[in-house]
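For reference, the structures are reproduced in the following blocks.
In what comes next, subunit A is part of two complexes: it sits with subunit B in the first one and with subunit C in the second one.
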Partner chain A sequence: MSELLTRTFLTALISGGLIAGVSLMFTALGETISERAGVLNIGLEGMMLVGAYIGFVGAYYGHSFWVGFAAGIAGGAFASLFMVVLCVRLGLDQIVVGIAITLAGEGITSVLQDTQFGSTYPRLGAPPTVAIPVLSDIPVVGKSVFDQPLIVYLGLVAVGAVSWIFRRTNAGLNLRAAGEKPEALDAAGVSVVATRSYAALCTGAFAGLGGAYLSIVGAGTFTPFMTQGQGFMAIVIAMLARGKPLWVVLGSFLFGISLSVATALQLAGINISTDVVNLLPFIAIMVALVAFARRSYLPPALALPYVRGAR
Partner chain B sequence: MTGATTDTALSPETRPLEPIAPSHRFVSDALDVVVRSIVPVLLALGAGAILLLALGRDPITFYSNVWKGGIQLTAWQDSAIRAAPLLLIAVGLVVVFRANIWNLGYNGQFLLGAALISGLGPHLVASEPRWLALLLLFLVAGGAGAAWTLVPALLKARYETNEIITTLMMSFIGVGVANILIKGPFQDPSVNIPQTRVLPLNKMLPSIPGTRIHIGVLVALAAALLVHFVLTRTSFGLRLQILGANPRAARHVGVKVPRLIVMSFLVSGLLVGLAAAADILGTWGYVRANWNPAYGDTVIPFVFLARLNALAVIPFVVFYAVLSTGGDLATQQASLSTDFLLVLVALILLFMTVIEYLGRRRALGASYLTPGLQQALRSPRLRRRTSA
Partner chain C sequence: MRGGRFGRPPRRDERLRTESLNRKAAIPTGSQSGRESERDPADAPAVELVGITKQFPGVLANDDISLTVRHGEVHCLLGENGAGKSTLISILSGMVRPDAGEIRVGGRMVQIDSPRAALELGVGTVYQHSTLVRALTVLENLLLGETRGLRLDVEAARARLAEVAATLGVEIDADAPAGELALGRQQQVEIVKALWRGSRVLILDEPTSMLTPQGVAELQKVLRRLKETGISVIFITHKLHEALAVADRITILRAGRVVGAIETAELEGSSAEEVQGRIVRLMFGEDARAVADVAELRTDLEGEQAPLDEQRSEAATLLALSRVSARPVGGFDPGLEEVSLELAEGEILGIAGMDGNGQRSLAEVIAGERALSAGEIRLYGVPVERLDVSARQKLGLRYVTDDRLGEGIVSSLPVSLNLFLKRIGQRPFWRHGRIEHRSVEREAQSLVKAFDVRTPSISTRAGALSGGNVQKVVLARELSFEPKVVVFNKPTYGLDLRTTSTVRDMIRGLARGGGAALVISTDLDELLDLCGRILVLSGGRLVGEVENGPNAGERVGELMVGAGDVAAA
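Let's look at the complex of A and B:
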């Protein structure tokens, strides 16, 4: 009996943690890219919601999970277009525009969900998974960790790719320069605005994918405000990871697991208030911020618009 | 301008430095304020109308329903009541935003204050005289709001930790703690729904005679006046402004920056807490679990539109109070989710930044120009007259 309890507990903990963790990972990875380039995306929450809604609509009407993910990416990138035009191109306040994107994303997805699916509440089936041959046979953890939809493996590949781009390519160097010392990048003959625009678009695409994963794989449906602050958590994860994609993965799964503790405990029959458990990730972040406040690192040019020739 | 023809004959050096007469300047300044503040709102309402059309709703019916539900008959009193917490939060945000500090944790501060007073309220009003109980409850809510900003304030003051993140995280925690309090110690034992005990109607904030408007509205107005006085007429206000304009300069002129950061956070949290007191003690009388009106989110654009001026905030907040009170009816009639109002607010924010950009570019571009050209750009009518 107790073995059964731990098994259900562990499975729920890990699979729930992975669902929350993967969407956090995508979003935080996107935020890492734009933070490195000097763009602070407070509107991440809105981009995730737009991606989640459009991704769900794509998967529902396109009858394909891949259509859904592509639609989510497009939706997130579209939302970040406002960031690109208003903040990167015109140099408007990134925080104000970010708040606007969050509000607009929350409002518009809620209205659209209400008018389109408000009475039907359609659901998607479970996505097909790919089991890794030997590893998925490990008892207890094997099935929940190594039997995932293909997009999860692709996401891990993307993390490696971003890490490689940051360290080994010219594009990565430009990106970092845009956040560290945009004047130097400009002097080297590379457009700061273009570099930051691409970075912000990538962020939107990743946030949209994160949102789409949440709605398509995680919930199987879209509900208004379903991200529940994950966009803001992703910002914190990106800040604490100090621009290192591998740390982003670690942080995302840690916070993902702390998000799934509540459901896992309930499944295991331990009666603890969900309100208390839902607070854990935020308390963990505050503790991390208090403990590592001096060590969290942000690029010096973060959230500052670049004006050529300005002092 | 009668001297237009002689002006063109003078070389730029000998031209008077202020080519626009004072009366002109006053008019153009006033026009500037109107354009920058009201045009974004009109553009947003227009874009909202297009959005309504796209959703297959009639925008004229929608906006006339807003008028009906927000102004007509006695609906304006509901709008005034709605304005009280909005105004207090807006004024609280003005204080920190002036110092270029982002207190985005208003939801947690608000709900924590609301939960505390609706938990303590029934006991206090039963044992103390009404005025004392209400005063104490206002202080409790304000204190709770202020206390909840302390961690972000200290982190910002000591380690320059990004306060956007810390206040947001504290906000989520605050909302959660409020829910725990409502479902736990403050739960009304006589009902099954998770909510606090309801304050008796005759123990809530008294109304202004002849209306349903409670005196919380007057408290909010008084707070706006007081904050405006402090920000514009005292050294505290000046120091805040210096800190907001340039923290290095502030340190240079001897402002104790860490202390000022903590102070402005505390004042801001206090005002947000007072908003909770005005709302609970004046309007609701109890709090239900998972209730989160998120007043702060919707009030932010208007704080910016008012150029961080505590007096100018009042008309904007009143406008939004009407929009949201009437919007409840309008969205219901159009069978839309009330979250449509969030979209309108976001549109106002976006248009505001764009208008601001256009204004700034005009101001920046003008500084490179010779005075004659500058003036010609400023008022095209004048240019036509001089060239004729």
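Let's look at the complex of A and C:
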């Protein structure tokens, strides 16, 4: 197995893992927010794709990565508006609406990509990176881990911020109560619908950013179905992380690495059928689910629409 | 200004803020007596309701209700289930809006269109069902709903908790998860929560339904202290003796209307029997049908004298558990630890204990729904712990669940099929895998009649029935086809007095007919009414046995809170 540990393989594995991991991290962080508030967001995949497409369009026409990320955030938040209106406000089934958002996101972005970029296949250049002094000089891993676009560092700051909000702020406490026992929040005079709406919007925004990161930084372009089930993986990560943002980071990078094994193995010239290799991330998920299912914690009021006075 | 510590920016309604702060400031002083504030001419009654009417689909829940609550009084709202008490307090606490009528708080006409509006007007509510978030700490629960400022102001909250707790005369651990506190303590947290923002009116909805006798005594102490500080308490109950014990005034509701009131002078001036008689007539009206209920109510009042089963010593043992253990379930049921008990023919054995002390495990282990990790269960001397639910059913071992709407019935299926849910595939109702509609219907008709299930027809969806009738459906299913040993889990929880009385008669009938009943209940009065012996379950263990008789209630209560060891020593 010595050829597995070559420089190319490791570099490819880690940089690929980081790209997949960062987009997973954004998305799973978003899912953590809405799950804690009691909204199960099955539509993440669709929101990511909308964010990826609109983010790419924004970056391409706006000639700025930041415009792209902002557009991705807006796109994801827009997609989650359906969740807010249909599920949080009108109390429709969160799973049905979530699946609809996923399917719609997949279809609409594919059609738009085909009509707009179907013949030109434009690409964005590589985004500027910020190297962390000293750490980025570590051989092999230094360059691929500690020399990242600014948005990655901001993402890590966001993880800390969300964690702080959950534990230390009024808004975070209200959010947790909305998922644990919405009637308690209502009785305390805080609107459950508003709290959950904001949470679901945040989720959409984060999923959109995750998608935009994938298209703008990861691939430099948008291809249909490019999220490859990352939205669903993010749901699993959020469940296993038990609503703890720091665990989200860990889970995201583990899954990110398993996603990038495929590419890395091919780069390293190892001859395994790509179909088998592409199965790896999903096998990893199944193993994680079987091994840690007992660990997962979901708020008691998750996926239950809140109706005042109903018991 | 006390509120300043919270670092809140000024509110939009500055007048309201000042008022509520003044109220808050009034809490800890404890010198202002209710009578003084009543004489103050500028001070209108704490709460006035005028002509409140609320129509729900098919039910006129409140019909022109008018009510005055004075400062510093405990005002009881008394009535049967369905009398409109809950609707009235939902209106006052902002959960429901009235169709017509006026609400005045402190003399000002107000609209209470949300729970928040009620809190800002100084009306705090402790609901019948806990609104504490179990996973959050006491402090976090109290901070819930705070929207001013970004950060949780934990230190200010800690100080405020100490302040309110001192007013109530209780001690509360601020950092314990709310779900781990005893129920009485949880209720104290709820009261603190209701008074948190300086409420001057406290609504308590059936506050004693989950408490031990000791908890009730402690609650009464808290109420007295609140009265001393001039806080008005609206106390909702359907138990007459409680109303008499705590009330300064009593208003009686029946079928959505105020049917009478007992003033303070009358409460103090007349004998207990006179007042009771008057209230009973008001609660049930003068109609002949009510006589039976009144009799039932009297036993409820007197409580202690319960039937003793005479020849228990000679009777055969029907069910015996020896050292039965079961694993805990989630965070809410501790499982069982070496539980041993014997149930004799003709006996009604009670299991007392506060919710979540292993009752559900005990019931399900006996019924066969949950595996035991150790021990033996014998039915008529034969081990049955390896038999499944339906095999035990056939042997006459039945279980009446407390989860009526979940485990008890399939709410989307008709009443008729619900009556035979546990006989699916058995003759004569099923033949060759096909349902025999005619025999199901014939048998269902006779069961509905025998158990007096009030349903439009046997093909009505079971979920459309009222709680009492759902319970009758469950009972009809479990008590038909030769029941022998029946486990009842909270058999009358949430039922009205009439149905409660019917259900208790069924339980007695089962025992008289040579069967045996194990009654698990959190309602101590019920156990004292029905059982000859009461075992106390605490943390999944049986911690004691009490023979029914004088003072049995107190002794069971002591065992429930863990004071039993002290009493025994």
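Here are a few things to note about the model shown:
By definition in this document, the second predicted complex is superposed on the first by the 306 of 311 C-alpha atoms of A that agree within 3 Å, B and C clash if a C-alpha of one lies under 4 Å from a C-alpha of the other, contacts with A are read in each partner's own complex, and residues count from 1 in each chain.
Going forward, a contact is a pair of C-beta atoms (placed from the backbone, for glycine too) under 8 Å apart; a residue touches a chain by one contact, two chains touch by 3 or more.
As the structure is a computational prediction, the values presented were derived from the model and not from experiment.
Shared-chain residue A:G107: touches subunit B; no touch with subunit C.
Within the superposed three-chain model, A:A194 lies out of touch with both subunit B and subunit C [touch as defined at top]. Residue contacts after overlaying the shared chain place A:L156 against neither subunit B nor subunit C. Judged by the touch definition given at the top, the superposed model places A:L289 against subunit B, while subunit C stays out of reach. Set against each other, subunit B and subunit C differ in how many residues of subunit A they touch, and the higher count belongs to B. By the touch criterion defined above, A:E180 lies against subunit C but remains apart from subunit B after alignment on the C-alpha atoms of chain A.
Using the contact criterion defined above for the overlaid structures, shared-chain residue A:I132 touches neither subunit B nor subunit C, since it reaches no partner.
Of the residues of subunit A, not a single one touches subunit B in one of the two structures and subunit C in the other.
For subunit B in complex with subunit A, the touching residues are 55, 102, 104, 151, 155, 158-159, 161-162, 164-166, 168-170, 172-173, 176-177, 179-180, 183-184, 297-298, 300-301, 304, 335-337, 339-347, 349-350, 352-354, 356-357.
Subunit A meets subunit C in the complex at residues 168-174, 176-177, 180-181, 183-190, 308-309, 311. Within the complex formed with subunit A, the subunit C residues making contact are 90, 93, 95-96, 114-120, 125, 127, 129, 131-136, 140-141, 143-152, 193. Residue ranges of subunit A in contact with subunit B, taken from their complex: 42, 82, 86, 90-93, 95-97, 99-101, 103-104, 106-108, 110-111, 113-115, 118, 224, 229, 232, 235-236, 239, 273, 275-276, 278-279, 282-283, 285-286, 289-290, 293-294, 296, 298.
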